[in-house]
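Look for subunit A in each of the two complexes below; its partner is subunit B in the first and subunit C in the second.
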Partner chain A sequence: MSTTETTTDTVALKLDDLHVAYDVRGIPRPVLRGVSFEIHPGEAYGLVGESGCGKSTTAYAAVRYLPENGHVTDGSITIAGQDMLKLSAPDLRALRSSRISMVYQDPSQSLNPTIKVGAQVVEAFTVLGFSKAEAKVKAKEALHRVRIADAQQVLDRYPYQLSGGMQQRVVIAMALACDPQLLILDEPTTGLDATVEAEVLDLVSTLRQETGAAVLLIAHNLGVVRRICDRVGVMYAGKIVEEGPAAEVFDNPQHPYTVGLLRCLPRRGANKVERRLDTIPGSLPLIGTVLPACVFQDRCVLATEECRTVAPPATQSEAGRTVYCHHADKVSTLVAAPLQAPVTGDGVGEIVLHLENVSKTFKQGHHEVRALVDVDLDLRAGETLGLVGESGSGKTTLAKAILGIHATDAGSVIELDSQTLAGLTTARTRDARRAIQIIFQNPDSALNRSKTVRAILERALQKLAGIRGQEAGMRLASLTDEVRLSPRHLDMRPRALSGGLKQRVAIAGAFAGGPRIVVCDEPTSALDVSVQAAILNLLADMQREEQASYIVISHDLGVVRYLSDRIAVLYLGRLMELGPAAEVFAGPHHPYTEALLSAVPSVDGDPPDRIRLTGELPSAINLPSGCVFHTRCPRAIKGTCEALEPPLVEVSNGHMMRCHIPIDELRTLQHID
Partner chain B sequence: MLIFLIRRIGLAIVTLFLLTIIVFALSNVLPGNVGRQIMGPFAPQKSVDELNQRLGTDQPLYTQYIKRMEGYAHLDLGKSYKSREPVTHVIGSTFLNSTKLAFLALLITVPLGILGGVIAALRRGSLIDRSIVVFSLAGSSLPEFVTASFLVVIFGLQLAWFPVIASTGDVISPAEQLYRLVLPILALVLVYFGYIARMARAGVITAMEAEYTRTAFLKGLPRGVVIRRHVLRNALLPTIAVVATQTGYLFGGLLAVELIFNYNGLGRELVRAALNKDLPVLSAGVLLIGVVYMVATLLGDILISILNPRVRLGDQ
Partner chain C sequence: MGVIEDEIPATPPVPGMQVDVISDKRAARREKARLFIKSPSALIGLGIILFWFVCAVLGAHITPHDPFATDGLSHDPPFTNGYYFGTDQLGRDVLARIMVGARDVLIAAPLAAIIGVASGSMLGLLMGYYRGILDDVLGRLIEAFLVLPLTLVGLLALSAAPADWSIIPGIESSTQTVILVVGLLFTPIVARTVRAAVLAERENDYVQAAKLRGENGLYIMTREILPNVMSPIVVEFTVRIGYAIFAIATLSFLGVGIQEPTPDWGLMIAQEYRLVIGGYWWVTVFPAMAIASLVIAVNLVADRLQEVMEL
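== the complex of A and B ==
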């Protein structure tokens, strides 16, 4: 064997100046513009960047699974010493079955819905040459390996009968069937609950140590990358702009784009009262755009003429770090958004919404599912209440009850401005309907696609504010201005707008009738971080201007923290903790809150002593006795918690908690001084 | 599975019951006085009354309905108003003829349509895909009587390869009968191939782009295995539903084809009954088509439930 072969053999994946283009109407549009990086055996490499930057294309190009209109136009891909671009179809198949594996977003889609889990896992082994009988044994072992205790039961089920976390374990089990040398994870935890995400990430870390596989992780969530990866590459418009050890890149970014990306994030307890979020000016280039020599030049504050004409060279700043920027030395001069004077005094007004004993019971066959149990809450004018909890905790049910989409159980009281509200929207007065609005995660489904933005907003004004004609025209102009849409957007249809602009239209629609309360249901989850920052700023501005109250639901605790004045933590339909946002986040917290907070991977690195929740959310049909959280609670007191449900008591001014452990003991347990 | 079956069959029975009521209501509400309709405007009232009495059409509607249902329960479909023959006779032979035609057409079209659709989808964008798409679009957008007329002119009259009359009036050998049915079957194949092929093609394309298919490919499974095991099963679900719903029509709605080829099928018989106000024949015929439709969709649903566990096991 020649020496060159042995050296390349030590690299699990090597991309060299990879160019990929997609044919759009017959014209090749470049998507990757010279991507190079290496992943060594046992190493985890993260690719980060906003959607459309080419992360996933890089991964699919690497395993040669590009869509039909995509092709590699230049460069090379080497996996385990083999030139991927020269492999014959059978060799490619052999390589896929034995050396490379892939796990991607949304496990419910990546498993065949009509075939039992068992048959699908078995297949991953028969393709390696095992007999059916051997493969069955192996399949069971594979599930044990991904910590599924009752493997046989899972194998006998169909994918839809499993929870999302369980499905993702199955997919990972199949991926590990061949002891891959390269494991590609494409957004493996996007869409999963924070607690499940934490479990899957822990599993990946453990398995990586066990198998020694190289990992390529693609994620838009920088915290996920930081938790898993040794090194990270930041991509923008089909190029890697910065590369280095994950901790160093995130703590001390050297490319203006990385700096911008990190500053967009609501992190380190950022709150709307203290500061606006940074945004990156401009927007991502569209596919097919001809870009300047430095792809980020158009949006870069530091850009000079040189950036337009001369491609920035790779600069090795310190060991293992590479930056592609002419002005990396000036990055420290980039100014962050200034702190703003805290809004005090008039920030919070009288009680707008009062909930008392709000319960909601669903009938499921012969069972009763108590989705909400005796929730008491107040919401004041201009205040934001963040709702936090895993899926199934009752967040959405509570929001729907307030909106009047669900009729609540008898005995529930919902008051708006001290007036009792009817259960269902249809039974409410026009004023009450107008007073409570909602902003959805996906503005696409909320906006009528066949209407122009103008028509959508005019209708909202007519329906909600009851104005039309000239008055509506004037209000429309001021509303458009408030949500920072330009007049030219008014004659466009939603289809022609970007996600961020669509969300602005949706926000304008919600504010058309001067609402008292706006429910924001995952308002930025479908958006890239730079767009998210702009929308969060806008929501904060609108609230200040209109004195509206918000109810914010988001799985992203950074977003909740940024917008909220108070936080309500729900578990199985019960309020576990309720208090001022700063206190709830700082602790001492309810053990459930503690577990949630500690599950979320942080871009700033995780504390060493994370709380790990085990087990799945109990079924609401068959509730645990005593404190409903005791089955998963790491701090449960034996003999007490499973016997008696703790009441919701005030532990400090305005801070309520439902826990048997005294607050001072929690303080000690959670090391809070 | 058993619960699903019982529920599904129960539903079919309820639907059938509703159908009998609707058919009965329509056939009684619309024409007014049956005796008068049959005997014409110049017949003396006395004879009309007598006729109504004999036919039972002077009774209150619910009595008539119950009587009709009692008859149906004993497989007695009543007697034709026109020919006085039992309805079973009148409809029986035509239904058999329709069954032959529909069955043969389905036997050819379903596999051919699915095959065409699958090939087109797997060779998406190729010449063969485009030919299949254009051919199926043309076939299903032309009305049957146009297609049938073309076939008659080209293969029947110009080339004279096949007979243009498919009638089974005289006693003929099965081979001869098949020979006579070639053109009508061809007309139906041309129309239904398009429906099925397009549906199958769309299903396969969707399934090929699905993420579970990507999983299967990236497991390293050979293309053939991926398609057989992962793609087809999911891809053909909508096609099965389409075939099932079209089957009812194939049995009773082929008036044009039956007229053009002078074939004594159910469609033609029902139109004749409608024109003659021959209500027992019409009701029984419509009901029969309803039964066929119900059985076809039931079989389709059972097949779908076998292929798709979610339908079979419910959402838990």
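== the complex of A and C ==
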């Protein structure tokens, strides 16, 4: 934690004015423009920033693991007192195998799917010179170390037989095999569920204390960085713009970019009714562009002529903070988007969508997997319903049932404007189809890359709105205007557009036919935070203008909270809690909701008493008796919960919960007054 | 113009390296053409193909001798009496016949490949898009079909074909039968490749979005999916031309393909390969080298094309 003066010998990793360039078509394009920081033994350092800012390049450069066309053009890298740039290939290999370990984003890709976990973990030890027999013992110990209780059983399995969280533990166990002095984690929890993420992060924190290894964490999720890092460096366009203790930087940012980044996030219970999200104007510079002396100058509101010509000096302040900005003193004058007068329409609209006993059973060999069990829901005009739950909870299945991608089980009723809908979209009328549309998670997959934006939107207008020719042309113009696309984008193909622009095209397509209901499936998870803010604002605007209802699926509770009026919490296909967003988030909550909420790492810091879920999501083939959540519930009542399934009861006006614990008791347990 | 992300290697994964690509389709095509001609082997291949193409087009106009004229059963060895490649047993100039023989191959092979790729793509689209029973049934049929040796099916079909029939005017009926048979034989192979590409492509959300818009299967297959699987189809086409040259030569060699007196490489080998032992090697070796050069040239081009397309 301490950042007192240290000699290079005791520094785990030290980068000094590191410049890296990638050769593209023979021309070196600078990617890192002078990155300097130090990580001390036992310290966790987080690098944050939007994609393309050079976080990963920094990490790869540090261990000299750049792709072939990447070169360190200037600066120095010191690991444990050794100059990395001067090491010979054998020395470098020796250093990497004995002192440095890396953990990558997707654990399923770090493990060989055709080899048993045991053989892979054992190999991690045999390369260090242990004999086969020793390595086997060590492998078992390693799994115990990462809190895998039944190590032998895990060793005998193939990677695909393990859950994502378990896989990541195995990968971490292998990374720790050499007792590294530097552990590099590259987005270690991206793609994992919040509950699993919380487990992995807890594990990293404890292991760090046990081993005394220095940790370099790369993450785009600021909450993750805050939870486990002591210090943080904020990167922009290949430069660190601000550095300091994580809590200080996030609570009291001093660089205009950090301020902007933090204000983009839907935090502290922000909701679309109260405020628009701030955005950072402009976009990240392309690789290879010539940048002004201050790399952020083009997008900075405080920028002056000085910023263009004079590189901002490092301003050190108390508590080990460094800011690279000419105008750090004026940051407090940056104004956030003002609160807006709550725009409530007539409050409660008509019921648009009515679900009754909606169930979906998948056949898996001889087993039946009940992905959705008797879901009852209403959705009103202009209302947003947020669907929350771990993967496998049935969120997507429910959305697909509503869209007509999956046929529901017999007895399920889906009504649109009191008209019963056919199960599959092909059997539905055109009006029903245009009424329910979707915005997919990944616009790269959702937009046909061989078509121009104009072709995509014209076809949507023709099929959904039933218009063509001149009328379609006029509607196209107003539609592109609504989603803030400029006409010049119309003749481009998706490949030429940035992620945010692509998602705008996808949104325009969904709104082409004037839908009643739009399913937003992780609408911003493929986007950077500054772009996410703009898209969330757009979704809120479109809803207000078009009076559409939204069903929002997202693992990011901040996003769900920002958009939603009501929240439905699903667990193993069952509705566990349903109620107004503010109430569900404020509590008293269902114990599962409570666990979900406390698992999510917050950029504002975590409450001291977090609920930790243990165990894994039970298999949907072999469901627990009684309340399906009792196996993991920290508040389960012995004798009751495993025997009886609690009914979904109304605990307060419009707030339903499926729990045996009386609401007043939950209120006391959760310290809610 | 933005930076093309292609040249930034994917490994090790560098998530931060995504860059906005501001380019239109034409620029992408130009980029691919530029990458294509950067390869010397592809250029050599292209050169050889061009050479045979010129021979095919100009034919008897540029040959040193009349390919049909007989010179008194001379059977000259190479470089005698002004015959660089010698003469065959009827005294016809081997070089002239090889040069003119390029014409039939260069017409028949691409046409056969077009037939195979067109019908194979159609089948592949249907199987990959609809899957289910259709895929199962057609899949089994294709597997059964692939087991049959090409020559056997070719022999049967060609001997069963009526002697005088014509769809394409200007091409001899025996050649037309060869084209059809080879094209047909390629269909299942192409279908398998296209099916695999379609299976991957249909998982994209835009296919789902099209269904939710109420598009029918035909539209989704031809307008949404097909443009995105064109790369493997184009590559498959060039690869198939190479195989077609080979297949056509084989069938001619067996005597069921292109018929006399049309000069054809396979036929030339068939007529005199028994005489090689007697020292008359040139009538066999030169046409064989011609076949090899064209097949190799087409494959050089196909390989590079595949690399460029798959970027």
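Observations on the model:
Just so we're on the same page, the second predicted complex is superposed on the first by the 664 of 673 C-alpha atoms of A that agree within 3 Å, B and C clash if a C-alpha of one lies under 4 Å from a C-alpha of the other, contacts with A are read in each partner's own complex, and residues count from 1 in each chain.
Simple rule for what comes next: a contact is a pair of C-beta atoms (placed from the backbone, for glycine too) under 8 Å apart; a residue touches a chain by one contact, two chains touch by 3 or more.
Everything quoted here is computed from the prediction, not taken from an experiment.
If you put the two complexes together on subunit A, you find that subunit B and subunit C bump into each other. Touch criterion met: A:Tyr65 reaches subunit B and subunit C at once.
Comparing subunit B with subunit C, the partner in contact with more residues of subunit A is C. In the superposed model, A:Gly639 makes contact with neither subunit B nor subunit C. Of the two partner chains placed around the shared chain by superposition, subunit B is the only one that A:Tyr158 touches, whereas subunit C remains out of contact. Once chain A of one complex is fitted onto chain A of the other, the partner contacts of A:Gly469 are absent, as it touches neither subunit B nor subunit C.
In the superposed pair of complexes, A:Ala124 makes contact with subunit B only, with no contact to subunit C. When the two complexes are overlaid on their common chain A, residue A:Tyr104 makes contact with subunit B and with subunit C alike.
In the superposition on chain A, contact of A:Ser498 is made with subunit C only, not with subunit B. Applying the stated contact rule after C-alpha superposition, one finds that A:Leu286 touches subunit C and leaves subunit B untouched.
Taking chain A as the common frame, subunit B overlaps subunit C at a single listed stretch, which among 41-49, 149-157, 221-229 or 239-247 is 149-157. Common to the subunit B-facing and subunit C-facing surfaces of subunit A are residues 65, 68, 104.
Within the complex formed with subunit C, the residues of subunit A that make contact are 22, 24-25, 29, 31, 51-57, 60, 65, 67-69, 104-105, 186-187, 283, 286-288, 403-405, 425-426, 430, 433, 436-438, 440-442, 445-451, 459-460, 463-464, 491-493, 495-498, 509.
Of all the residues in subunit A, the ones that touch subunit B in their complex are 63, 65, 68, 93-98, 100-102, 104, 106, 109-116, 123-124, 127, 158, 160-161, 171, 174, 177. Of all residues in subunit C, only 2-4, 7-9, 11-25, 28, 204-206, 208-209, 211-215, 224, 227-228 touch subunit A in the complex they form.
Listing the residues of subunit B that touch subunit A in their complex gives 124, 210-212, 214-222, 229-230, 233-234, 307-310, 313, 316.
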